[in-house]
Amino acid sequence: MLDSDEFFETFGKLDDLTYSDGVIPKKYKELTGLSISILTRCEECILYHIQGCLAEKATRQEIIEAIKIGVMGGGSITYPSARLAFKTLKDLKVID
Amino acid sequence: MLDSDEFFETFGKLDDLTYSDGVIPKKYKELTGLSISILTRCEECILYHIQGCLAEKATRQEIIEAIKIGVMGGGSITYPSARLAFKTLKDLKVID
Amino acid sequence: MLDSDEFFETFGKLDDLTYSDGVIPKKYKELTGLSISILTRCEECILYHIQGCLAEKATRQEIIEAIKIGVMGGGSITYPSARLAFKTLKDLKVID
Amino acid sequence: MLDSDEFFETFGKLDDLTYSDGVIPKKYKELTGLSISILTRCEECILYHIQGCLAEKATRQEIIEAIKIGVMGGGSITYPSARLAFKTLKDLKVID
Amino acid sequence: MLDSDEFFETFGKLDDLTYSDGVIPKKYKELTGLSISILTRCEECILYHIQGCLAEKATRQEIIEAIKIGVMGGGSITYPSARLAFKTLKDLKVID
Amino acid sequence: MLDSDEFFETFGKLDDLTYSDGVIPKKYKELTGLSISILTRCEECILYHIQGCLAEKATRQEIIEAIKIGVMGGGSITYPSARLAFKTLKDLKVID
């Protein structure tokens, strides 16, 4: 549904374009996307951007720094989201 | 006041640490900080992170990409914040 | 609990009144409620207002336009909520 | 700046399209835009959508109902925004 | 306007009731209101609840603790709001 | 993971400190934490602070007043969170 509709198609393309390689490399954009996902406490976005980070070969430490930026900006109400991110990293064997 | 109090001192140091050079270079952290500032529509944060971006020699184009990430994530209610960011860049002669 | 307490009773009545037929017809208020639910990413509110829209005979196309208003205003972090709305419409056989 | 850049051009067009006449008349979309602006406490958005409402011949009473929907959804932290909306309506001689 | 309209009258009364003396003393409710105002970054709310705190004889230290709760919950994007609160306390000679 | 990392250790300690007994008793801080959790619609935070309230011997009525402060501040989009809080209180036999 979201894909075949012109609005969502344009919106989706714009989102893809925003996160594609530019003067800021895609890896850093995905890390930013993860920080934003933590800060806005968007669970699906966390999973999506963790996969994006891994696809761009972001390291475990880079991903953890991105999570911290989200927590620092958004405060302790983002803790459950940070925990979800760490659980996901564990499930994906990125961390122990 | 905020500086001499132990809570704010620790909180401030943690924030500085989060945005300092790490496995993610400080430049990309400041750009992320700008994306977050746009998305959360925090005017003072926008000015603060634009200055951080410039201090880290982020280019005009990198700054603009960071603004776009904030707008894309946060939608049209972030437009006034994006406008403020562009106005600030203009005042600082970063853009024409 | 929420119903027998005076605060929640008054709050609930005020909410009902706000969404009842007025100079703005109830159908358009329910569509607005859906836009707001998408934008604020409130899952229960999405289900509630989709049912409200359908009860007021809002068409499939009107409901889709209301979802778009929410996504446009709130950006890509509302995507999971839009997806939930479309899934709900599918489950209710409103869309294919 | 925002107009000449392709991202902002596309984003802006998508926003215009979303708020243009559709199966939901533009008047009701502008009223929804006002409700959202109150709820998200976006001052510039409030001024923008009040003008949009007036351009679509929304009545004083319709505008007031839209403000109430925003306050009801977003709670007492939206009060300063509702006050700004009423002050704007007064300045524009829409209300006494 | 907001006072003479039935919706706003009821909403305002409900808000007054919520913040009036109950099993939680009004002083602690005002301090909670201040924490919420910091966390939601509502400038007018900050001024309003600081005055409420002072009217209830909250001490300087209690007010500062309430500000910290807001900052802790909402993260570094609440810093400008905390700064506004401290500036207000200074202007009111509550702190040096 | 979160505990052995220095950032999360410091952040967690700061959070614990903020919510510990001070000039504002811990009981009232936990009640404030609950109000904030309702307003920010953070489900895990609601469970966490309800337990904190109970550990501090907050009464049923105090907890209910704290929930109302959150709903009043955050509006009807917090209703699902209030419902979760009441369900939790029921499960814990705090209310019938």
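In order of appearance the chains are A, B, C, D, E and F, and numbering begins at 1 in each one.
Everything below uses one rule, namely that a contact is a pair of C-beta atoms (placed from the backbone, for glycine too) under 8 Å apart; a residue touches a chain by one contact, two chains touch by 3 or more.
All values reported here derive from a predicted model rather than from experimental measurement.
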Shortest chain-hopping distance from subunit D out to subunit F: 1
Chains touching both subunit D and subunit E, listed by label: A, B, C, F
Between subunit C and its twin subunit E, rotation from the CA superposition, multiple of 5 degrees: 180
Length of the line joining the C-alpha centres of subunit A and subunit F, rounded to whole Å: 28
Separation of subunit A from subunit B, taking each centre as the mean of its C-alpha atoms, in whole Å: 18
Intercentroid distance (Cα basis), subunit E paired with subunit A, Å: 34
Residues of subunit A touching at least two other chains: 7, 11, 14-15, 18, 36, 39-40, 68, 71-73, 76-77
List of subunit E residues in touch with subunit F within their complex: 14-15, 18-19, 22-24, 28-29, 31-33, 35-36, 39-40, 59, 61-62, 65-66, 68-69, 72-73
Touching residues on subunit C, where the partner in the complex is subunit B: 39, 71-78
For the subunit F and subunit A complex, residues of the former touching the latter: 1-2, 5, 7-8, 11, 15, 36-37, 40, 42-45
Subunit E residues within the subunit B interface of the complex: 41, 64, 68, 71-72, 76-77, 79-80, 82-83, 86, 89-90, 95
Subunit C-facing residues of subunit E, complex: 7, 10-11, 14, 17-18
